[in-house]
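Below are two complexes that have chain A in common, paired first with chain B and then with chain C.
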Partner chain A sequence: MFNPIKIIRSKKGLAFKLITSIFASIALIFLVIFLYNYDFSKSIVEKNLKMNAENLTRNSVSQIEKILYSIQKIPDNYAKIIENTDYSKETLEKILQQVVEINPEIYGAALAFEPNLFDKNEKYFMPYYFRKEGRLELLYLGSERYDYFTMDWYQIPKELKRPVWSEPYFDEGAGNTIMSTYSVPLYRDFNGQQQFIGILTADVSLDWLQKFVNSIKVNQTGYGFMISQNGTMVTHPTTKLIMNETIFSIAEAQNSTQLREIGRDMIRGKSSFAEIEYHNLTTGQLSWIAYAPITVNGWSIGIVFPVKEFMADVNTLSLRIFALALAGLIIILIVIIGISRSITSPLRSLSHASKKIAEGDFNVELPDIKTKDEMKELHDSFVYMQKKLAEYVVNLQETTSAREKIESELRIAREIQMGMIPHIFPPFPNLSEIDLFALLRPAKEVGGDLYDFFLIGEDKLCFAIGDVSGKGVPASLFMAVTRTLLRSVSTIDGSPSAVVSSLNKSLSYNNESSMFVTFFVGMLHLKTGELKFSNAGHNPPFMIRNNGKVEMFEITKSIPIGLFEEIKYTESVVHLQKGDKLFMYTDGVTEAENLDKVLYSTERLVSVLQKNITATTKQLIQCVDDDVALHVDKYAQSDDLTMMTIVFYG
Partner chain B sequence: MNLNEIKNDKVVIIEIEGRLDTTNYNQLEKKLLENIESNNKNLLIDCAKMDYVSSSGLRIFLMALKKITSLNGKFVLCGLQENIAEIFEISGFTSIFQIFENQEMALKVF
Partner chain C sequence: MKKELRYTILVISLIALSFASCKNSTFENTNDETPLTELTDTSSSNLRKVTFLPYWVINAQFAGFYAGKELGIFKKYGIDLNIIEFQPFYTSNELLRTGEADFAAIWLVNAIGVKASGIDIVNIAQFSSRSSLMLVTKKSSGINEIQDMNNKRLGVWQGFELQPMTLFKKFHLNVEHIPIGSTNNLFLHDGVDITAANWFDEYHSIINSGYNPDELNTFFFADYGLNFLEDGIYCLSTTLSKDPKLCADFVKATAESWTFAFNNPEKAIDIVVACAQKANIPVNRVHQRWMLDRYRDLYFASGKTTTELSVKDYMFAAKVMKESNLIQEIVPYEDFFKHYTNYSR
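== the complex of A and B ==
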């Protein structure tokens, strides 16, 4: 009764879909938050770093310049003294000695005059006081071999007409420190005109500068450095670079155009903050360089910021956030799995139960749902469905068995009905005078059509065809009564009209339902071919003459039997020739309908009869039946259908 | 099938439209019995629009005829189509029913 329905479960179940979709979206949200946070923190750190860098460089520059200014002031002041003093050799030596003696940061000082200015006979005049092993020594430099007029320290301030700091240099004699010489041009008023008379120099140790710059520490590995006007490393944590390398030679070695650019900007006196792939020689990490010029001497200070170290906090923070997010995701995953299990496991049980129900097991136990949610509703609906299905099936079984009982009873009724009419053909194999064939096909199990034939005495064939109004069980009962009465009222000396009248009287009595039968009764004398017949409202039969002519019996205008008791029925007589045939039928033939409600019609019946005049009784009925079937096509048979043919051989 | 009922003082006219067969004869039966029960003894059935009548339908006509005749009423038919008139002819019903060509002629009887 029930077809087991194959439940195809998708490989990717509800739980899987829930987990993937929810988990994926939450993971995405986390990722976006994480990335945003990382980017934002990074930009804050960068901003702070930039600010720090600017402050740090600015402070460093201003401190260095302050010191340089204070150092410059010494030679500057002495220069003023010399310019405004009537000097003798001793005075000058004294002044020079004082410069070195009372200023510990000055290692040596020289006074170099223009040729022949101090002494007309002496081209060179250049006293030089310097420290040697804790004492001061005086030397007179200037000779053919040391023609100081062409030296940079002399030429440049003279030409620029302003004091100049020299490029740094390494002085072994003066205590292995880096030195720079500050040269101040001297002028004197000659007849109202300022005239250059010479240069005062002071050799300054840059030890303090190195210490200062080296003291700059940025985070863990950041440091400061300083380059001179032509890019020479003046200070650097890596000592071997000092005075041996320029920023450009380092750029060359590292093949860094960026560093070269920075070097150029630095010696041009620019200040900036640049992000470069500067290979810090010790760490080799990405660094930023902030730089600013020291305007006093045109040098430039650079500070290296190890960005990664600054970013370390951001990275640590990000890592922690990532770990937290991961932990959160795992918790969410567990929760989702839990929820989806709680959804899908009862679903699976319900699915299993429904399969069982489909297989007819209505007592299958449904999963117990403790929650009061949609799952509970579904469960309750399932319980309801299970109950209703069980009821329905019981009901259905009852109705089915009742129907089967009726059907079986109808089958039996049909067998009884069919048994009431003769159905063995040929019916009279010993009679050479006639042949007879008949067919009855009810539209339902049982019907209201009838035919009958029997011999009365030895030479009289009584035959009848009839059609009860309506069809089905009521008609079949009426048919059975009619058929039974027919046999009982047909006596040896009775006439067809007497038979019909007698039948009518019996059937009309107490016939409240007004059921009626159209009825044709004939009595054929086998020896003479005389046919007496009476027609009570039945379709007139056809006579197929041996010459091929098809004639319709007259219309008697007698009403069907079973309606009014007093009606008298008449009868007529025709004579059959040898080979003449009778064709009788009910309106189930001529009123057979097709799908378009078109009737088969009397005309079409006549044309089939005319086409088959030589056919045997059985063949003729077969031909008409086939033609009716052709007309009806697939449409259900609408009415009981009966045909009977008799051929008279004489 | 459609049944159209028109009532006046003397007569109830029932117009039958379409096919009268085993599937719907009980509608007509019900309508006729209702009228008979409410003492409408003069009935005219207009068959002008009736395309087909089966023997079940004819039975209802006969039932009504018998009942109304026994109550001294009149049960009259009119406007039979050709194929239906033929059935009436063959079954001899023309001799027991009063049949007229149209309503106008039939109404003169009442």
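== the complex of A and C ==
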């Protein structure tokens, strides 16, 4: 069954690697694209927002300033007129009346003179025209209770020697609106010197200003506000802040040094266009504040831009892109899992099948591959391998059984061969004249070496040692023939040379395989110790004398038997003393090789023989055998090895 | 170096003041939990009508009175309190003389002046224990030491020139006095170099007009040996002799009200703000909170918790006034201060 969890579960599996690496790469690419898109869109919106902020703020400032300029021009002009009048009470009252009457934007106007200036007997002179219920009224202010000389509207322009807009104030009489007073200092020429004489004021309702600033709406929750030169809130959508709070008291209440810094910049006539983030005072959301000074009166307008609202479209777009990307990723994940499965499922089946094949089940069913890709190629290779393996195994079985058969036959042949040579020692326990021991170790199952000994009559021991050319079965067969012939040709009055010649004749006849045998045959007279022997190309044996001297027999000049029918073989005679030993061997001893292809050598053999003068026959052969084994050192025996020792006791 | 040292001392003393005040926001000789049975019958018909005159508009500097009235603390003492809405042209002596005000809060030197003018008022409780009056300069003006004030212009309210005048005399400085109204605007517009300010009010207004404390230099008169005490409760001598219990009850109620206000500042400020808004007076909580906190510092300065006026404080202020020819004679201390506790039984 399709089980993605199972596929993913194996952390080292191909599917897991495919899924994690491909999926992670694609997810990363999606993320980078998503972030880039978000960042880019955000920067575009921010750029537009800043431009928008700058335009809106500048436009608002220029409109407000235009109006304020036009208003302040009225008192400015009238101040000039007043400075050049005759200063009669009537004239001043008339001018003042005119200021209010023909300028609807001016709520009231006052003229306030320095103490005792207008009338030496009167400290105060302050006519004030103002609107009341649609009519103009005149009041004379200035008294102990209304000591205007220290009032801001009077004192500040006087001290600063320039017209000044006052801080905003509430005026219930003027209809409960916020007002500001524009005060122009008046000067008169006294003996060539400009002397301050008083102040002309115009009270202006800021109703229009509040309406204008309140009309600034930015998106849904953005708004405009205005602060005076001291930071007092002049307009704000939250009306309870107006006149009660300064931007600094709000900052203190919010414990915001940032807002305080914004306020400080604002009252110092600085501008900033949407570069500062601050929480919207009404919604609490992070917003941008743009601000610019109203240079005419030193106030400052601020506009709050709800960034989140502007970013809403970007966020929606980003959210949708994110959703699409997520959906895409899910599809990709499913596809990757599908592909992984299409790869790993047959692989797993093939892996399973190969285990079965390894166990010998060549008929296991391979998965069915419908595609025509590399998987199909792999599958076909598996099918081919399965077929070839099956064939090979059948072939192998046949070969093995054949070989086993041969091996079995060879084993029997060995037994037969070994059975042909005497292998019971001591062979003649009743004979006190001699002792004899022999060893034959074929290099393969069967070998071409031979030895034999038997008594002819009562006091004649015939013995022989030989080595057939080649090894294995042919040599063994030739050896068997030689051994059989030896017994048949050895007669009571025969001599060793006659035996050898007879053997040669028989073996040479029809010897198409041109095999031959090196052969040494001896006949020892047990009573006399006379040894007659004939050597047909065999390694000369050693005579170990009873005095400890080791003598090698003469190297024969006769060729091995089995080659030429007509060859005549000679014989020699030697007398054995009591205690003399004969040591015979095949070249398997002296030519035994070690790993370095170094031969055992005749010299080494002689030295072993010399060291073991007193050894028994069996001990001597074992000593030589051990020494040869030491030399060969586990290197495979390459030739048949045969040794025979006879000791003559007389 | 000197500046920094002075600033550090100021900060440390302010912290010490605040700390002291934290420990002690209750006046002696007052009991928050006076059983009602011990008091005058509080049924509305038997309440004694009392008028009180503050010397300024509705602000947290009178939080004790407004909160006490609103929360019925005065009623608890059998007093139906009416707080006169302050008008700039009101003068304490006039209203006390005419009987329009039974009690008034007056600064010590002003009260000495009133008494010297022939109106027989007496101090029945001295709440303030430290002068809040200070001079403020902008560091940008280069006035960092008292000596730097020579030949500069000082904005000061009319009637409050005594402390600066005495200070400048002490340091032999020639400073031009510019009478100012109730705002700091002339100072903010650089129309004057130095301005007089109350720590609890104008100083904070300057801060809340965009000047950071580290941009200003402050000179507390109290730190220059001119600690003229401020708020005390005054009434006509006849009021005290006629109804000493009323006077005692009024002071007790006042002390308890202040204690409540200091211990429940938010609640007290709620009441003050509501009263101010009702009277159409611009008000903001931050400023009111500052004011109430500073009032706690000023009332309980140096750990003082009594409402007694010390002979030393009285004589010092009176002597300076006499030296400045503001008064001709020094009224004996016993005639000026008649602590309510002596008349409460």
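Here is the rule we go by: the second predicted complex is superposed on the first by the 547 of 650 C-alpha atoms of A that agree within 3 Å, B and C clash if a C-alpha of one lies under 4 Å from a C-alpha of the other, contacts with A are read in each partner's own complex, and residues count from 1 in each chain.
Here is the rule we use: a residue touches a chain if its C-beta (ideal position, glycine included) is under 8 Å from a C-beta of that chain, and two chains touch if they have at least 3 such contacts.
If you're wondering where the values come from, they're calculated on a predicted model, not measured in any experiment.
*Asks:* Quick one: classify A:Glu144 as touching chain B (first), chain C (second), both or neither.
*Replies:* In the superposed model, A:Glu144 contacts chain C only, not chain B.
*Asks:* Given the touch rule stated above, what does A:Lys568 touch, chain B (first), chain C (second), both, or neither?
*Replies:* Touch partners of A:Lys568: none, neither chain B nor chain C.
*Asks:* Looking at A:Ser514, would you say it contacts chain B, chain C, both, or neither? Reply first, second, both or neither.
*Replies:* Touch status of A:Ser514: first partner only.
*Asks:* One more residue to check, A:Gly470. First (chain B), second (chain C), both or neither?
*Replies:* After superposition on chain A, A:Gly470 lies in contact with chain B alone.
*Asks:* Which holds for A:Lys372: it touches chain B only (first), chain C only (second), both, or neither?
*Replies:* neither
*Asks:* After lining up the shared chain so the two structures overlap, which partner does A:Asp639 touch, if you call chain B first and chain C second: first, second, both or neither?
*Replies:* first
*Asks:* Can A:Gln155 be said to touch chain B (first), chain C (second), both, or neither?
*Replies:* second
*Asks:* Contacts for A:Arg135 in the overlay, against chain B (first) and chain C (second): which applies, first, second, both or neither?
*Replies:* The answer is neither, since A:Arg135 touches no partner chain.
*Asks:* Inside the complex, what are the residues of chain A that reach chain B?
*Replies:* Counting only chain A, the residues touching chain B are 467-471, 513-516, 518, 536-540, 555-560, 563-564, 587, 591, 597, 599, 639.
*Asks:* In the complex of these two chains, what residues of chain B are touching chain A?
*Replies:* So the residues of chain B touching chain A come out as 19, 22, 52, 54-56, 58-60, 62-63, 66, 83, 87, 89-96.
*Asks:* Quick one: which bits of chain A touch chain C in the complex? Just the residue numbers, please.
*Replies:* 144-146, 149-152, 155-156, 159-160, 164, 167, 170, 172, 229-231, 243-246, 248-250, 252-253, 260, 263-264, 267-268
*Asks:* Hey, which residues of chain C end up touching chain A in the complex?
*Replies:* It comes out as residues 88-89, 158, 178-181, 183, 185-186, 188-192, 207-210, 212, 277, 280, 282-287.
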